[in-house]
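The following pair of complexes shares a single chain, subunit A, combined with subunit B in the former and subunit C in the latter.
Now for the complex of A and B:
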């Protein structure tokens, strides 16, 4: 099982979701993505959107001025 | 194939959809759809399929743009009057989305030419305006086993049906042959609400996209009818018929035929 880091800082909604989905498609089912996203809209929207699309949100870690969202590809 | 930065942005609203994603978008870009008739139905179908990123669009039409077309054939503009329809449509498709490869066939679909054209495509949209062409498209797609969307419009009413040849009801399962020419108004004499083909042609484009992506449920084995005056959509079950002259077990149609000429009694009419 692989873990891939994806930097989506500076990418606004909803393009960050598009990028996250594309990164997710490159991973195998069961793999983990660590997605770096900005505070504000991205952290409010992205975890919920990925969750709605059937992905598993493992944890959200607050770093300096951004977040790291740990997601497991389920679909 | 991998999406470019520009494509990721252009198709972002497709990619976000759970049923499409990056893979689905790549599939659309690799797909080929043939639109027969670049008129009322073909106009919105071509524009939406181009916008969606269907990679190759074929256009068949032997006509030129006429001023009377503009009320409903929205791919053609006022300055295009007199221009070949396929050339006019191609320029709008390229303007909407330069990603799309457009192949033009400036001819009328006939028994002698249609099979070799449809066979190069994944899906066909019947945007023809006359019964002989509709039966020709149905039969050619059956013989070549190419899925297609049938549609027809008149005045305030439209209908459509998706056909997976050999698997679901074909146009001849519902209508075995063209109505008598005396019962048909082939040119503009019956009139048509301009937005009507916009609705029906857009539904045809929806079916094409669903088929190409393998998502949802296609409008097969049923005819969807739409009445713009009452806003009634009705889905009428229409299964395969054992006595279908084309796709039934004792089929009588074994080769393409031109179902008679489109006749018109209007003075000076060139249809």
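Now for the complex of A and C:
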């Protein structure tokens, strides 16, 4: 099981969802992605969108001026 | 509309690098549904340089069963190997679509946000921006209607599949842009479109059809209004003004509505009048809420030579159903009045009156006022 860091800071919605899904497709089922996203619209939308797609949101950590979203690929 | 911006996001995958001349370049507005996806495929197969465009609008992603802002459209473009961009129209969408939608209900009218989105965003703001940014002059959508070129004339015509026909929603296109609009699904049925998507193995081939307002998600449109002032209870009367009950707030009713009125038995009653100023909802029989005369404002005319007193016209006052015979009785610089041969059930102020000629071409349309 791998953990991969994906930097999506500075990438607006919904482009960040597309990028996150592409990164998810490269991961194996069970792998974990640590996705860096901005405050505001991205943190409001991206976890809900990925969760709705069946991915497992493990945790959301607030860092200096961005968030790290930890997601396990389930599908 | 010029005060609003339509901001292009960076290319979703690869940038737009057309190889064809401008006359064979076209932008396809893609929602992420099967119709616009097949539209893009058909145009690419016909040799066009196709650019996929998805509007970013103000929706809460991940709410209910709703997907996020057309991300599916981006992946379809990737499958079709065509470039894709998101265009951010959230501010304009709020000001031009959502706020007028709320205002209309609070005033007892029944808005049609889909017509306004086509007219003011897709066929104006977005098209202008695409022309500025990419030099693209031609636009396609996945609507079921036809654009017919006949010599120097261009017509917007009903789709072959009358049950799917969406020409009603397109009447607001500026007439100078109609010749540059492409509607490749106009001769197809939904079944055929899904078959094409399945044959192409598009990821959206089996995607369910959205029947809800795009900005209200999969929930009832009234959710978008639940905090509006027009939810205050008030008197429910008959058409003569006699109180017969209490209503839940005028935003919960639309003209012609029968269900949810709280009256069972006897002759069926329908909402016949909504008076926002006095907060009264009046109910009447089918005959009482029907009328032959329909007046519309904010007219857009596509065939001025056919908007005449002696032309046999066919009119629609709602998106579904067949056009019905009528004749023009008044024409003002921005409005029109028609008289139908037979009384029409509950024309709703805010909905649209769209007129067709006998060849099923859109002649003109406007917003119902009476």
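Criterion: the second predicted complex is superposed on the first by the 75 of 75 C-alpha atoms of A that agree within 3 Å, B and C clash if a C-alpha of one lies under 4 Å from a C-alpha of the other, contacts with A are read in each partner's own complex, and residues count from 1 in each chain.
Rule of thumb we're sticking to: a contact is a pair of C-beta atoms (placed from the backbone, for glycine too) under 8 Å apart; a residue touches a chain by one contact, two chains touch by 3 or more.
Note that the coordinates shown come from a computational prediction; the quantities given were computed from them, not determined experimentally.
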First (subunit B), second (subunit C), both or neither touched by A:21: both
Touching partner for A:12 - first (subunit B), second (subunit C), both, neither: second
If touched residues of subunit A are counted for subunit B and for subunit C, the larger one: C
First, second, both or neither for A:54, with subunit B first and subunit C second: first
Overlap of subunit C and subunit B interfaces on subunit A (superposed complexes): 14-15, 17-18, 21
Touching residues (chain side subunit A, partner subunit C) in the complex: 12-15, 17-18, 21, 44-49, 51-52
Of subunit C, residues touching subunit A in the complex: 9-10, 12, 56, 60-63, 65, 67-71, 74-75, 86, 88
Of subunit A, residues touching subunit B in the complex: 14-15, 17-19, 21-22, 25, 53-54
Subunit B - residues contacting subunit A, complex: 3, 8-9, 12, 15-16, 18, 21-23
